[in-house]
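Every chain is named by a letter (A, B, C and D) in the order it is written, and numbering of its residues begins at 1.
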Amino acid sequence: MAEILELKEAVARYVKDGSTIAMEGFTHLIPHAAGHEIIRQGRRNLHAIRMTPDMVYDQLIGAGCVSKLTFSWGGNPGVGSLHRFRDAVENNWPHQIEIEEHSHAGMAARYVAGASGLPFGVLRGYVGTDLVDQTSSIKTISCPFTDEELTAVPALNPDVTIIHAQRADREGNVQLWGLLGVQREAVLAAKSSIVTVEEIVDKLTPVSGGVVIPSWVVSAVCLVSNGAHPSYASGYSQRDNSFYKSWDDIAKDRESFTEWVKNHISGTTDFDSFSRSVGISALVSANG
Amino acid sequence: MAEILELKEAVARYVKDGSTIAMEGFTHLIPHAAGHEIIRQGRRNLHAIRMTPDMVYDQLIGAGCVSKLTFSWGGNPGVGSLHRFRDAVENNWPHQIEIEEHSHAGMAARYVAGASGLPFGVLRGYVGTDLVDQTSSIKTISCPFTDEELTAVPALNPDVTIIHAQRADREGNVQLWGLLGVQREAVLAAKSSIVTVEEIVDKLTPVSGGVVIPSWVVSAVCLVSNGAHPSYASGYSQRDNSFYKSWDDIAKDRESFTEWVKNHISGTTDFDSFSRSVGISALVSANG
Amino acid sequence: MVNVTPSANTISTDDLMIVNAARVLGTLAAAGKAACFVGIGLPSTAANLARRLYSPEPVLIYESGCIGSKPTRLPLSIGDGELADTSDSVVSVPEIFSYWLQAGRIDVGFLGGAQLDKFGNINSTVIGSYGKPKTRLPGAGGAPEIAATAGQVIVIMRQTKRAFVDRCDFRTSFGFGDGPGHRERLGLRGGGPKLVITDLGVLEPDPETCELVQTQMHRGVTAEQCVENTGWKLRIAKNVFTTDAVSDREINALRELQSAT
Amino acid sequence: MVNVTPSANTISTDDLMIVNAARVLGTLAAAGKAACFVGIGLPSTAANLARRLYSPEPVLIYESGCIGSKPTRLPLSIGDGELADTSDSVVSVPEIFSYWLQAGRIDVGFLGGAQLDKFGNINSTVIGSYGKPKTRLPGAGGAPEIAATAGQVIVIMRQTKRAFVDRCDFRTSFGFGDGPGHRERLGLRGGGPKLVITDLGVLEPDPETCELVQTQMHRGVTAEQCVENTGWKLRIAKNVFTTDAVSDREINALRELQSAT
């Protein structure tokens, strides 16, 4: 059964130095508040997994939390480069990071295998690409019936998966809807999981297109209203596109990034305090 | 794009002698009306696939339509044996049928592989059971990363899948909800598909727990109100449990079964006429 | 199917099996092993009874895709609409087997069958030979993977010489196979059969030999009766328990459940 | 991103690329090949324009899980809520890649990248060496499997010497590999690159050599210009077409779409 915890406590309990951690959310429902808390607590040597390491992972990488990144697309969607990710890969700043690179189809198959208790997933993928030469996590496998050659990828089973969802009930059953990405699979593949939610309600009512992740496969539920910002939670908030654009300038150079982390992450106590410091609370309640 | 057709025409067009056919529905939404129409049209030598060949397949088998059955559980749920299925397997009546036998987990993995365009599915399954010795469609496969041995099963790709759903719009987009079973996978795995529906509406409105199968992956949509009877369509009808119980008596001996088929299937022109002949219309509208 | 007796005070052997199974589920749920993969019939009745008797209550999972079902009456079939309507989550059949059963999330699986052998293997496929069966049974359904994967398996079957056999005609679901170490050699992840609940009492595997031993007998049942109704040379445990009497609370809850159906 | 020009009458090279791509989609949809896997940016704009211009309209599928999206404005990102809200069906990301892309249900895939080589291979991973990249690009995303599996691939890229190279620094998405027969040898199921739509015109693979050839030029573009802006020894087709002028209907629909965003 999931415990209802403060985000600070949940991160302290489940995210350790050296943990393998997945924070998922496909443009929608990205757990930014949780990412900030990991930086705030100064976690190090994380193996960070994410299909689309966008701003939240740019922050973790730049802040020096990450020693390995497993991913399939690292950019600021609709804006451009992830400068901290690039600086780490191109110039080893703040330190070298190892990368394990896949395609979306492969990452999805890896999470599905992880959620299914299988050691590997099978797909038609990567054939003819140079990705195959860069990692030992892409291999071929033969169909025992047709002898056809396919691709195998190893299961992903993070120590902890963190996602953001719309709401939970007081027993910790989690409900999310809209674009669901790979979040359910990422939670089910993980040994522990933290879910930040917009709202905790007495009773979950059915929502069209919604899914419920039962309390007994979740470790902790944390109330963090607007915790996906600048991503959004369908039905609660809208994407703050200007924030995505402004990130480009903030992250472009090391100094402005470091300053930003100091002022807004290390210098704040929690997500509310962060929100006030970057001035988003007004904006969000207008959108929400 | 799906065509809106009469069931008679859809069956004539897509179900041929010798076709591999899947009719799915996990207790809920079983396409009985379509099964009757196949018997009425006298199809022969079908390779019939179904996880739970219950009453509808008992009818097809007893009527001599089926030469091969691929399945995982053949009984009358909550009632007992399928007498026509047993008579075929035990006594070759009305003729011998070949059986390819699996577990539910294996059948589900086979449909998923079929829907995914993969030649096989992988599972932890069948280990230590005698099922392995009875078919060449269960093999072992090694994980290329851990060397662990797992089980592989070949994809199912029926010539035609038939399901029953709650409703469709005039463009042939199909909506179903409640227990979804393996129906979507069975449709996506098939070369053609027929969907009988309770209702055709101008516009599909979202339903909690519902899924939509887009028109462009469906071949034909047929309006057959109550076409799942004695199974049910959540929101439209209730399970007719007494009909399931009465089937036990009807199917128990060859004569009463043959008589029943003659009177109610061959002797009727369509599902409406069938319903009148067995006297279910009143019952159903009371439940519906 | 459950034999519903009209009077609350006449306790049938089916009632005993159901109450016994519900007690086990209650104990497991209290120990945090609450996720229970349920089939229709006695297991479903027992699991729903446990939900009414114990807190924390077991989490009911049906192979039709229902997770956390809280039916107000006993479902007529595994696909009863009542199950879907009262579930925390409804998923597809492929998913219930991959993300939930295969992933090792099920603590307790209930199984029954036509034959059970002394090593807890179960036959629900054929009596006689596979190619020329004397009786063709429904087949495997979800059982082989439940037997392989669930944290533990509870079998509910009536104890008769015909059903409790030395060796199954067909091994549909693997218990302890040919005996000690066989599950481990095959790499099965689940714990295998833990209890066999019968109309005479309870059998449990001997930890050394894996052979099912009568460890519990219902009030009024004799050791001889158990031996007579078992097709292998049944051992009776030294300290064989007598089943606790069914309490008023238990039987009333069961009758209430049955009358709501 | 799309360069929105304030006046409806000033037609930018981006407009030309978008309109050209929309025309292709319209033709394909008319031929029953309507299922289009769309990325954000020019492809999404082109696909949404085609939806407004043609009947039957293409079916828009986004890797975020949206099938049959009918956005009223251009989505800001591939996960824009507008896409989910206007879709026939929203599925999980694993499913969009397995049941929809991998299963061969996608007729047209749009791709772009940092480098395109003469055999239609695309690089969106690194400029320079993988181990010590000069420029680290975002990476593969959905592209490798779109390139391998879609019925046909349409590339949209600006034609420059830096981007249109003899050989990609890294092969992220497979076009025709090293030339004729390479796709077949690898068993790829999709048809590969069919068209490369650029700001100068259109390139198509020579059916014999698989090499991309300039088959179409926009009004006012010269063959020399095309050659100069291509990093390999570009051939111009004998019967090179001139792009049809953008019609008022096309540009008005495009401007309307852009202003709604």
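Heads up, the rule we're going with is that contacts are C-beta pairs under 8 Å (C-beta built on N, C-alpha and C of every residue); 3 or more make two chains touch, one makes a residue touch a chain.
Predicted model, so just to flag it, every value in this text is computed and none were measured.
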item	value
Minimal step count in the chain contact network, chain C to chain D	2
Euclidean distance of C-alpha centroids - chain A vs chain C, Å	41
Where chain B and chain C are represented by their mean Cα positions, the distance between them in whole Å	28
Residues of chain D touching at least two other chains	98, 102, 189
Multi-chain contact sites of chain A, meaning residues that touch two or more partners	112, 117-118, 123-124, 148, 185, 209
Pairwise touch network: line, ring, star, complete, or other	other
Chain-to-chain touches, reported pairwise for every pair that qualifies	A-B, A-C, A-D, B-C, B-D
Touching residues on chain C, where the partner in the complex is chain B	1, 40-41, 63-66, 76-81, 83-85, 90, 92-94, 97-98, 101-102, 125, 130, 133-136, 138-145, 148-149, 170-174, 177, 182-183, 186-189
Footprint of chain B on chain A - complex, ascending	117-120, 122-124, 137, 139-141, 143-146, 148, 150, 152, 154, 206-210
Contact set on chain C toward chain A in their complex	34-35, 56, 59, 67-68, 88-89, 98-99, 102-105, 189
Parts of chain A lying in touch with chain D, wherever the complex brings them together	26-28, 51-52, 71-75, 77-78, 81-82, 85-86, 89-90, 101-105, 108-109, 111-112, 123-131, 134, 148-149, 178-182, 184-185, 209, 232, 234, 238-239, 241
Touching residues on chain B, where the partner in the complex is chain D	1, 112, 115-118, 173, 185, 188, 211-214, 216-217
